[in-house]
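The same chain A turns up in both complexes below, where it pairs with chain B and then with chain C.
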Partner chain A sequence: MTRPDQATARRAVSLLGLYVLSVTVALVLSALLISITGGPWRGVLNALLDGAIRKPGRWGDTLAEATPLLIVSLGAIVSARAGLVNIGQEGQLAVGAATATYVATHLSGPLAIAGAVLAGFVGGALWAGIAALLKYWRKVPEVITTLLLVFIASQGTGYLLTRTFLLLDDDPNKPNRVQTSAQLDESTRIGYIRIFGNEFPWSVVAAVVLAIAVSVVLHRTTWGFRLTVLGRNARTAQRIGVPVVIAGATALALSGAFAGLAGAVMLTAGTANYRFTPGFANNVGWEGLLVALVARNRPLACIPIAFVFAALRTGSGFLAATGVERSIVDVVRSLLVLALLVPPAVAVMRQRRVTPPPAAAAADEPVVSVVVA
Partner chain B sequence: MIASALGAVGDILGADAMYNSAMRFAIVLAFAAIGEWVAERSGTLNISLEAMMIGGAYTASITWSSTESVPLALLAGMLAGLLVSLVQAHLSHQLAIDQFVVGLTLNIFVLGLALFLDSRWEAVTQVVQPTRIPVLVDIPLVGEAFFGQPWPMYLVVPLVPLAWWLMFRTRWGLELRSVGDSPQAADVSGIHVNRRRRQAIMFAGLTSGLGGGVLVLGQISIAGYESGHVGLKGIIAIAAVIFGGWTLRGTILGCLLFGYFFALQQTLPVLGYRMNAQLAATLPYLVALFFTAVFAARTRQPRALAQPFVRGLA
Partner chain C sequence: MSHPDDALQGAGATAPAPAVQLSSITKRYGPVTACADVDLELVPGEIHGVLGENGAGKSTLMKILIGLVQPDEGTITVAGSETVIHDPQTAADLGVGMVHQHLSLVESLTVWENVLLGDHRRFDRRAARDQVAATAEHYGLAIDPDSQVSDLSAGLRQRVELIKCLRRDPRILILDEPTSVLTPAESEQLFATLRDVVAREQRAVALVSHKLAEVLHATDTVTIMRQGRVVERSRTSGATPSSLARAMVGREVSLRTSAAALGATDELGNPATTPVAARSFDDRPEVLRIDRARLVRGGVTVLDDLSIRVRAGEIVGVAGVEGNGQRELGDVLSSLVALDDGSVTVDGTVVRTGRAGAMARAGVAIIPEDRHDSGCVLTMSIADNLLLDRIDTVARGGLISRAEQRRVALELMREFEVQGAGPDSLFGSLSGGNQQRVVLAREMSSKPKVLIAAQPTRGLDVGAIEYMSGRLRAAAESGIAVLLVSTELEEILDLSDRIIVLTRGKVMGELQRSEATSELLGLLLGGIAAGTDSTGGAHDPS
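Our next item is the complex of A and B:
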């Protein structure tokens, strides 16, 4: 019989070992894939590092790129906490960006930027609200509806860019047939911070503050506790008086709102040159969701992971010189995600084998024991 | 106004091409949906269906390019689907990682991989020519749709009764259904719950991989793999299962319905009706959303759908 703290330490070491092993496997597989398709894997690695941090001014760009990823992932955590599977962030982000564009191009003055950001928030919330409505009113699994809504959103926001009374730029000098919104004017742009030759928008700071706020709300408030109970066991939640439908729908709408907010932030921070274009979301929604999955729903862990994912995005811009397609980055990213998902699951399984069930052994955090009347 | 709208409806209902195209989409959806139906009856809401289709489509396409053999290409597509399903099944029903997390990651992974490989080894396929069954193919309106398809499409004909027989006339199927409705009871009576669920996912992998292959080799408008082909058809197939209330008959009906709207979006411009392309593209997805919303609440879903089974955790 080993002492408990010894056993814990051993488990921690073996978990770390598993992480190292599986990430190595993922990276080796990626390198192999590049090699068998005839690319230089060393060159790819260097290009990624150059583009993400090493070249002057690059880490500022990476920070800017990480911001919407982080915001999206925070939203994904809110819904996951409530036991809901919102995987439609890509669409919610596009809708949020579109509503933000509408407001930003119709308002001006000091409050315009606040209005635009708020519009993005509301737009995303409404789009996710459709899924919430269908779930609680018609019992359609939100997994399917949020996904279907992604496609509708991406095509639908494209349609908005075909009519001048909606979002299409009505500038007569605009080249014909180009689908883009009018450019945001100075008053609706987020300011930039300049440090050590790098520059990044203020929204970076705001997003980090938001991550801390979400962490506090989820872990330290009654509302956060209710969501957690709801996510672990809906029946228990009902028994202790959590309004299941309202709490669930709020969580789902809020996660959409965060995605919409990310869209508004991208727009006002200058993605696509302060214009809304077709394909504006550009996978940020999907990748933000992956950030949340890898962080295993801990808001603060999202911060470094969002940076790594953003580094893959900014680094991929430098791949052209190596002759390797940018889409290799998608492969590397999802391999990394899989690699990071496996070790904790293996650890849980091992532990289960050693100490057969007390029911709590499967949860990675202690199960909430309910004493509230 | 009303007269012209009626005229349009008449044109659409009277177009042979429309039925033909709708049938093709429906068949491709059906391959995936039948597999998904089996997986869902065993308790897995398997969203990596999309990944299985993409894998099947690209693999079939690349195999055709190098061997020019349609059966080999379809077989390779099935194997690719099986491979994806093995990953999904073991991660979600052995390591007990959340099935949606695995499915989503696989969807992104396989799409990225197919795109990347396609940029290096571009797959160009020649479409299998339609097999025209004499006499029957000349039936007006639907003759072409039922009796003038490329031969891989007809593989769906034995697949439907096969799936039904497996699920309702074999011990394996009985165990699958029990695992989907009450895993605890199944476990107590000696059924290996997660093994059955893994097998159901593998079945889905085989059929949806085949569906991906048929998509690439049998669709008139497609030559070679492109990222847009599968374009969430896997997800629409899942919607068809939900629409069908987890019955085989309803699932097939769902495939026909959604297939019709995919065809509508393609055929409208051909018939000379102008509709904004982007709005038209959302049509099948809107319809899927609408009909699942109407029908999902009325039906009884497998009780343990999307709930992982870990022995000892009630």
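Our next item is the complex of A and C:
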């Protein structure tokens, strides 16, 4: 068994090398870009690291930022496991946040926070459920529906913020209450953990537990096993008795539910000052999807990767504070995200080149193309 | 076994210069050597048989010749000058044409459009169409150039491929397993055409096959490959069936099953003409009962009023040329599609068709025609594949016990002799024969009442075929009702107690094994109904 182990080790080393290379290239390009536009280009990496972890109180912020990214990515993995491509997390997150806001601003007492989180979960599930319904009723590809539902979600939740009986803040004393919801009161806010001069919400711990739970369910339970069979060979799944429609729809709805949950967590942890506003999702849905992509659909790998993505978010905020133009900061951040996506993509391409497996080649069988999730 | 070069020594003096010469070709795929130091010469005016089991390296060699695969070592000499064949276009320019085993026609286009597909220059519609018609007529390949390919039978489709190839006037023509989609009569016709092409126009033809009988029958020279190497070369006229079989398999072949696998029942063993004592199953319960099944797909009736009954312990063979409803019958019995009409009854209970897992729950095990399509998950482990439908038996409270799963998997792998990898390796890393054993192990260990074996030996080598046939016989002996769906007549004749001939989704005839001969089956496959006149013992299914 030493040879496969060596091969695995070699692959891991080359993957690591690729990461170093691509991140370096992205940093050099970033510095170049900043210097061209007349900004302080020397300290890009330093500013990013300062803002993400080194300055006092920053890693707590990064942890808080990582939480919704992690939850979204876990949902993306659940649907990918069933062979479904949900790319509408940005919308599902917004809908989840909106339903959570409604419940949180209408309920009070100890159960309000649980109610809000549950509402976010259900909201996201229903939004993804529309895509599931269209897929299994009318065979509309879920890639398209989930994507288009993002735009409906963003306009729809925007409308909710124009009516006081829906989400608009009805406090007459507030001078500027255009398109924001009422602020959540203390009882519906998630508590904070304070440690080593940093603070982060309890939801960080909950999200890590959730990642472990998802990992166990997908890899160790009969439900996860059947979902995997469905994702990798739907006809075999049908033959062995996996209810294709029910299992697929459940996976898709669950994936939306996770995005909605992430929205509820953002709301109750105060990411946007405990208010729901237009643009609340703030790309967390898209980036959560990228986290799952970089983690190549392994739930536990999402934990560190979500942290890295969050670090880019908090770090680039800090970069803007050093005098780099905001739009250039966005480009820098995107370059670095791209740099993180290159190595796994190369790994997948390499894996494809290795196929056909020697057995298939030797048996003169038609080459079966294996889609690597 | 004679030395590979001996046999050709005598012929060498008089033979014309070779049209193409492959020297010391070697091709490796990772640790597997598909071709090792292979030499091959194709001579104008000759049909050259390339014979070997599945996996012997025949197809790889031909792919090298056509430019689809680049050799690691060795040279190719075409018409006296050494060349490198980068891609199929280069091969076409050099006059190398190939008819592939898997046909590649566009169904929605007409015959002549398909023939012209891939041409780069401008052409006049009418002239092009007439040219196609002329080519067809020149070679005696009767076909209507205006008919749509989707309406054609497999045999006619292959004819289109052949015309497509011949129209480019190739000096070297390669046919890869051309008879796998043909009825015996169609095969005969194909060989007559080839004979004509070779004799009149001095083309060089390579006929790639794993069937001994057709190589003996149709070729002038034969090269036999085993495990990537050329093990024998001789004039076909000087070869005996048993010497070829021995060279091909690498050991003495005596079992009837092997003869069936090699398509040489007439030469070896010969069950096709020897009546087998009929066993009666009339007193055994009817376990599988398909009643008036009808299935329409895309406007085409693929299963037409199909009724099949199988009793416990009986092996019923469903013979038919590919594409006559076998795949759909398999799909129905795998719960993949619902019948439009009719019913399936297993052990007295009607099973709802098309409902996920219903057939498996009712006790129908299946070795599917295409195991990659619905019999396994390539990217999951062997252990996972062994317990695909019964993962709950190694789980407690929904949580899978990996240790328990491994134990059960190892037990099954031992019992069914799955070799080449551990239970945690990916299923896709196994060889075809071992993959088939995993599928068999899973299906048999579910204690089925009915076993459907659809093309169970396709793509397997002789050893694996023997193993599979033995398992099927043992399954029947233990009281399982076995339905064997196969396009290989020899396999059907070898294993079945009763034979049903399927044509266009319909039962064309039904024979007891004792009444069946390969001639009679060949006639039925060609669409001549049984029980009409001189066929004697055949009777109508109803």
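Just so it is clear, the second predicted complex is superposed on the first by the 277 of 373 C-alpha atoms of A that agree within 3 Å, B and C clash if a C-alpha of one lies under 4 Å from a C-alpha of the other, contacts with A are read in each partner's own complex, and residues count from 1 in each chain.
Here is the rule we use: contacts are C-beta pairs under 8 Å (C-beta built on N, C-alpha and C of every residue); 3 or more make two chains touch, one makes a residue touch a chain.
Since we're looking at a predicted model, the values are computed, not measured.
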Chain B versus chain C as contact partner of A:241, first or second or both or neither: second
Chain B versus chain C as contact partner of A:232, first or second or both or neither: second
Touching partner for A:320 - first (chain B), second (chain C), both, neither: neither
Which superposed partner A:222 touches (first chain B, second chain C, both, neither): second
Broader residue contact with chain A after superposition on the shared chain, chain B or chain C: B
Touched partner set for A:338, first chain B, second chain C, both or neither: first
A:205 touches, of chain B and chain C: first, second, both or neither? neither
Contacts of A:152 with chain B and chain C, given as first, second, both or neither: first
Common interface positions of chain A, toward chain B and toward chain C: 356-357, 359, 362
In the complex with chain C, residue positions of chain A that touch it: 220-223, 225-226, 228-229, 232-233, 235-244, 354, 356-366, 368, 370, 372
Residue ranges of chain B touching chain A (in the complex, touch as defined): 45, 47, 91, 95-97, 100-102, 104-106, 108-109, 111-113, 115-117, 119-121, 231-232, 235-236, 238-239, 242, 276, 278-279, 281-282, 285-286, 288-289, 292-294, 296-297, 306, 310-314
Of chain A, residues touching chain B in the complex: 33, 37-38, 85, 87, 134, 137-141, 143-145, 147-152, 155-156, 158-159, 162, 286, 289-290, 293, 325, 327-331, 333-335, 337-338, 341-342, 345-346, 348-349, 352, 356-357, 359, 362
Chain A-touching residues of chain C, taken from the complex the two chains share: 29-32, 34, 54-55, 58-60, 102, 334-336, 356-361, 366, 368, 372-380, 384, 388-389, 391-392, 395, 398-400, 402, 420, 426, 428-435, 459
